[in-house]
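A, B, C, D, E and F label the chains in the order they appear, each numbered from 1.
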Amino acid sequence: MHPLIMGSLSWIEYQQRLQDEAIVFIPCGALEQHGPHLPLGTDALLSTSVAQSVAEKIDGIVAPTVSYGYKSQPKSGGGQHFPGTTSLDGNSLSQLIRDIVRELARQGGTKIAVVNGHYENQWFLTEGIDLAIRDVGSASTLRVMRLEYWEFLTPDILAKVFLEGFPGFALEHAAVIETSLMAHYHPNLVRLDLIPDVAAAEFPPYDLFPQCSDWVHVSGVLSSAKSASVEKGELMADHIAKGIATALKQEFPSLVSVPDMVLNQKA
Amino acid sequence: MHPLIMGSLSWIEYQQRLQDEAIVFIPCGALEQHGPHLPLGTDALLSTSVAQSVAEKIDGIVAPTVSYGYKSQPKSGGGQHFPGTTSLDGNSLSQLIRDIVRELARQGGTKIAVVNGHYENQWFLTEGIDLAIRDVGSASTLRVMRLEYWEFLTPDILAKVFLEGFPGFALEHAAVIETSLMAHYHPNLVRLDLIPDVAAAEFPPYDLFPQCSDWVHVSGVLSSAKSASVEKGELMADHIAKGIATALKQEFPSLVSVPDMVLNQKA
Amino acid sequence: MHPLIMGSLSWIEYQQRLQDEAIVFIPCGALEQHGPHLPLGTDALLSTSVAQSVAEKIDGIVAPTVSYGYKSQPKSGGGQHFPGTTSLDGNSLSQLIRDIVRELARQGGTKIAVVNGHYENQWFLTEGIDLAIRDVGSASTLRVMRLEYWEFLTPDILAKVFLEGFPGFALEHAAVIETSLMAHYHPNLVRLDLIPDVAAAEFPPYDLFPQCSDWVHVSGVLSSAKSASVEKGELMADHIAKGIATALKQEFPSLVSVPDMVLNQKA
Amino acid sequence: MHPLIMGSLSWIEYQQRLQDEAIVFIPCGALEQHGPHLPLGTDALLSTSVAQSVAEKIDGIVAPTVSYGYKSQPKSGGGQHFPGTTSLDGNSLSQLIRDIVRELARQGGTKIAVVNGHYENQWFLTEGIDLAIRDVGSASTLRVMRLEYWEFLTPDILAKVFLEGFPGFALEHAAVIETSLMAHYHPNLVRLDLIPDVAAAEFPPYDLFPQCSDWVHVSGVLSSAKSASVEKGELMADHIAKGIATALKQEFPSLVSVPDMVLNQKA
Amino acid sequence: MHPLIMGSLSWIEYQQRLQDEAIVFIPCGALEQHGPHLPLGTDALLSTSVAQSVAEKIDGIVAPTVSYGYKSQPKSGGGQHFPGTTSLDGNSLSQLIRDIVRELARQGGTKIAVVNGHYENQWFLTEGIDLAIRDVGSASTLRVMRLEYWEFLTPDILAKVFLEGFPGFALEHAAVIETSLMAHYHPNLVRLDLIPDVAAAEFPPYDLFPQCSDWVHVSGVLSSAKSASVEKGELMADHIAKGIATALKQEFPSLVSVPDMVLNQKA
Amino acid sequence: MHPLIMGSLSWIEYQQRLQDEAIVFIPCGALEQHGPHLPLGTDALLSTSVAQSVAEKIDGIVAPTVSYGYKSQPKSGGGQHFPGTTSLDGNSLSQLIRDIVRELARQGGTKIAVVNGHYENQWFLTEGIDLAIRDVGSASTLRVMRLEYWEFLTPDILAKVFLEGFPGFALEHAAVIETSLMAHYHPNLVRLDLIPDVAAAEFPPYDLFPQCSDWVHVSGVLSSAKSASVEKGELMADHIAKGIATALKQEFPSLVSVPDMVLNQKA
């Protein structure tokens, strides 16, 4: 029985964790093409793995992953035209998050972290959280952090990952960061041999609707993951988890660190 | 790389499966108390396991699980007052399913099976599917099966599981069927030693709102799972999977069985 | 002027009844095929008649009937393909009930009984009531009972109606129970001579979408009402009304019985 | 069995009427205070009676009445503060009408008349119909008339009803027109002895929110119905029914009049 | 920097005005054909101009205009078939107003006037305001006036404008009142030479859907604006602004008049 | 009469422009604090001015501005706590844009440019456009460009504006770009003397809900606009307008440039 996974706890165990004021993580991903070398579930897998890594450090709980996300856009995820990309309307996603947050608060939860792994989700998650905050009212002590995990990569780490200079997050769909993290967290779901060797995509400073499928390389990647490695994945994963844990302890002062020794014993 | 799990496939692998007219399963569960001996994620875990078992037999694909479900009712799930029971509004759930089904159809999918493991979900899933069918229009060849997996338990099997007579599905929340199936599929998530030894709940022929928490035993179970066993779980799981596979092959004639030999090789 | 019918009362008369803490019934039905021998309005007519019968016993008030219901399903109502079956989307029905319940509560009402006569309505009524309860807030003393009237048929009564054994409610669409009750309450709307003599329908343990019209006999009935009779209708109607009245007096202790003598005088 | 009432027809009878291209009426009312002398259901009762009167003349069908309406406004219905006034949100009403119209069209119906008896309903009915028209698409031959029945009162009739000059429809809530029509159609639901003898209300040329309950006489009427009479009711009812029938035959050319002789035989 | 225009104020200036309890105007219009002589934005331009005129008199603030309105109807605006008529669904408009009113109240605003210039908007604005009032709760002191500016035209003024007798507001779309007001407020946007010389439209006492484009003159006007003039516009504009200012000071007693001298200095 | 402003055109003039296949611009802004030196309407004013500048170059039409936008976020707009910041729920904004785009398409429009001036709007505009595209169906030739105008600032221009290096768009709320553009387009609405001299804000890599008002300087700006100037504004405005015009001509090939000579004559 995994003490971090909410779905693996009995309600009595969860009640105890709630009384201990454990923070609850809601990982959010998508079902979206990630090139020929990464699986459709990449964003959900990574947000879940990151959430679990952080939960281990601060004795948190990981709620079931929101595995479907907002519509893929050509400039950030390749677009909706790839088979397998299965997306939600914006309002559907917002209402889903609203319900989950409101329900966790109804049970007495006051500490929630929404860990987002799909860029296109951000604003609909924000809206869902905002509506839940409005629902519970100003008398509530509910506090919610929403984060995109890659934002915790600091320049020093990015410099180690991108030896020729970090070009920015814009084209990092199915590219070096995601591929390295997947190689670290889910090595059996990565096919390094299938990484496309393509030039970085160039996009105009606007969007067109209906989406233009010819803006994106037929492989679905926006830039090449050729320089990805499991070592880089480990480096980033470690840095991200520590960064998020630090942020959470700062914003939710009652949270305490789990000593490394205990963590090792669990593993 | 798991060939049955949609989230583990690359879009290119999924495209191939789509061209082979593979059926896509959408497991639907809930995050809901299941007594002291079963985890909150029981309904999601079981619908997922059942879907995977069937997918193995007919070369199907399992989409990410819908892990949150409709509000728990006292007479079928114990009610909303247990910590951990985290539920969606009806319309949120319907819109979620509507979007998923419509998106799978947009990509060219025409064979979908919604495998429900949470009784309270049934009607909101039905509505979501109906709305998706309306969206895609009458020219589409999309066909969707929705099923509650326990409905595939036939009297002969139930007679073997309930030696003193099958009392009906009404009180089977966190009881013999679910506990046995969990013992079969997820033995490490079951605490047989914590099964409450309680009399079967008795409910009036109506519902009250706000829900009456005193209608339900403090443990959250509606009847005792004492007679559950891993053997019964295996018996039922096998029967259910075969029954669903048979139904799907009948309703979606292009589906073919996977020879047992191949299945064994995969395992 | 009918003292039980809310729509027949002036607001001043209703205000008085409200001060007496009278319970308000909301009958819910459907406009749905019920074979060649019963009218499309059967579910609405029966829920209304049942509500009025109970209201007579405990001095209640019957609000206008919700005459349209959720979509007919093949296995419970024959399906949507019959001319005349005119159904609401799930959310439309839920919002309708939500508004009615919230409005009755706004006026000071705290005792409401939703009497459902259409199986497919149940969950959308539940959701509508739940949303209204949330709207009025936890400080309210509003209490709502939702019931399907047939659930008040006890085994002893069913044994008298089904001489060859009660097969369960599943196929009781336009069958013995509804036809007998209509013969009792609305004899001029029943055509006993047109009752189809068909074998009980057999359904698979799943649903398909789009609905399969060939699952259902062309007449629209799921089993034969040949053994229906006005006497059985009276027996059941009397039992149901008493059962519901008893339940309401138990759950809403301030309600008092109307002496039979008074009832006779009114009639 | 009433051949005009859709809820009284079997689906087979309705199917026949549909093939005859009968028009379907949807009466729309409200549950709203109408002074001490008229019942809460006045608007629903009158729209239903009018619809039935017209249906008799042109062999139409009357669908179940929409008995709940949009929120009462002080200047047209007295406002929401009277006990018994039980109203819907605007969108709830629009969605309800949208569903009903779309469903009737799905079955093959192409001729629908929405007969409104509650002033505040008008625009939400219009929106519901418009959305249904959009849903069925431009290829459909569906045509819907929406009418407020009082708009068919011509100056000559109004001159006979208002001997001192017709002051306009604005204050005709629970006043001469409605009271006379109720006295004609539902004499047992009118208490002529309780008609308030009040001066006509005077309203400012704007609305305030929250509504001002002191804008309206405590009785709930906007002007006195003292001059109402059953004779005036009959005069108006006859004129309205003929006017609507004429309009419908003009706009739906396939409709035919029912000879008076036949109407008399039915009665 | 225009002290009346909210969009022209910095937040600090607005904060000061809020502390002074200034009333906030929300002008509401439409983008709708107004014949060959008036622009599509007429309703938005006039509601804005009226709001500014009143704001000048009582030191109010004019929020950004809601420039899109509800669907044009043949009998009041010519209908949806004219190019340029760009309309909102009813619920979209209601939600828009709900949000704006709720937000102004959230900041501490308690005095709001919704100035409507598009007849078809009225009920969806009413609903939006009502929902906002419900949102802010009964403890709030928020008060909202909704008005159609033409309702402030009194018989004496109308007698001066319509020398041959005022025929009522029904056909005043793109006719004498609007054209005169535009000639006063926006002379450069009126083409008096293009005013159609058409007879007043005659409409049946009902509506049809889909809308009948042949009910309306091809020019889009419902009656001729030939007798419009800038003088009449000035007369009406002055009367309307004074009437609204008087009404507001009466309903929001804390508001004070701005001395004419100050107004002249500003101009 | 301004030939570029849709609200200033008669429907006949607009019809002509539609037949000429003119592109329609929808400027989108917000009502949001912009420090002590810029007005609340800055985003709406700038998106409108940019749209008009581009429309002049390619003979386009500017529809009425959407003046209210999505909720201000601390890290991009300072947050919701400033008086005057008046925001829409996400779904309200999406539905508003959906309706406008669908209506323009219904009239025959096929070329639309949504010019966004409020960062927080982007995703809800995207969703609204996507839903409209779905509504009009795949047979339509409707094409919509959505753009944030500042994305057309190229590195060479930014280098001239930010002499000490461009720090990125993140903190450009009420800062150098917006202030300079306002000084160019709306000099009378800018108070250069009130520009706060504050250090650039530093934000953590996450968001918190409820929003943290103490993350933002009390003035509301995220970085100082001290180096703003009208010259920089003109430089950027010119560059942006040219860039957008070029992009539109490329994506909508039928569009033609208006010769400068003609533009000068108009001015």
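Here, contacts are C-beta pairs under 8 Å (C-beta built on N, C-alpha and C of every residue); 3 or more make two chains touch, one makes a residue touch a chain.
This is a predicted model, so every value here is computed, not measured.
Under the contact definition, subunit A and subunit B share no contacting chain.
Rounded to a multiple of 5, the Cα-based rotation taking subunit C onto subunit E is 120 degrees. Counting the residue numbers used at the interface between subunit A and subunit F, over half appear in both copies, so the two copies meet with largely the same residues. Between the interfaces D-E and E-F, more contacting C-beta pairs are found at E-F. Once the centre of each chain is set as its mean CA position, subunit B and subunit C turn out to be 30 Å apart.
Look at where the CA atoms of subunit D average out and do the same for subunit F: the two points lie 48 Å apart. Each chain gets one centre point, the mean of its Cα atoms, and the points for subunit B and subunit E are 56 Å apart. Residue positions of subunit A with contacts to 2 or more other chains are 89, 91. Taken together, the touching pairs link the chains into one ring where each has two partners. Contact residues on subunit C toward subunit D in their complex (touch as defined above): 1, 5-12, 14-15, 18, 31, 33-41, 44-45, 63-65, 67-68, 82-89, 91-92, 95-96, 98-100, 103-104, 107-108, 188-189, 191, 194, 220. Taken in their complex, subunit C has these residues touching subunit B: 70-71, 73, 89-91, 94, 120, 122-124, 126-127, 129-131, 133, 143-148, 151-152, 204-210, 243-244, 247, 251.
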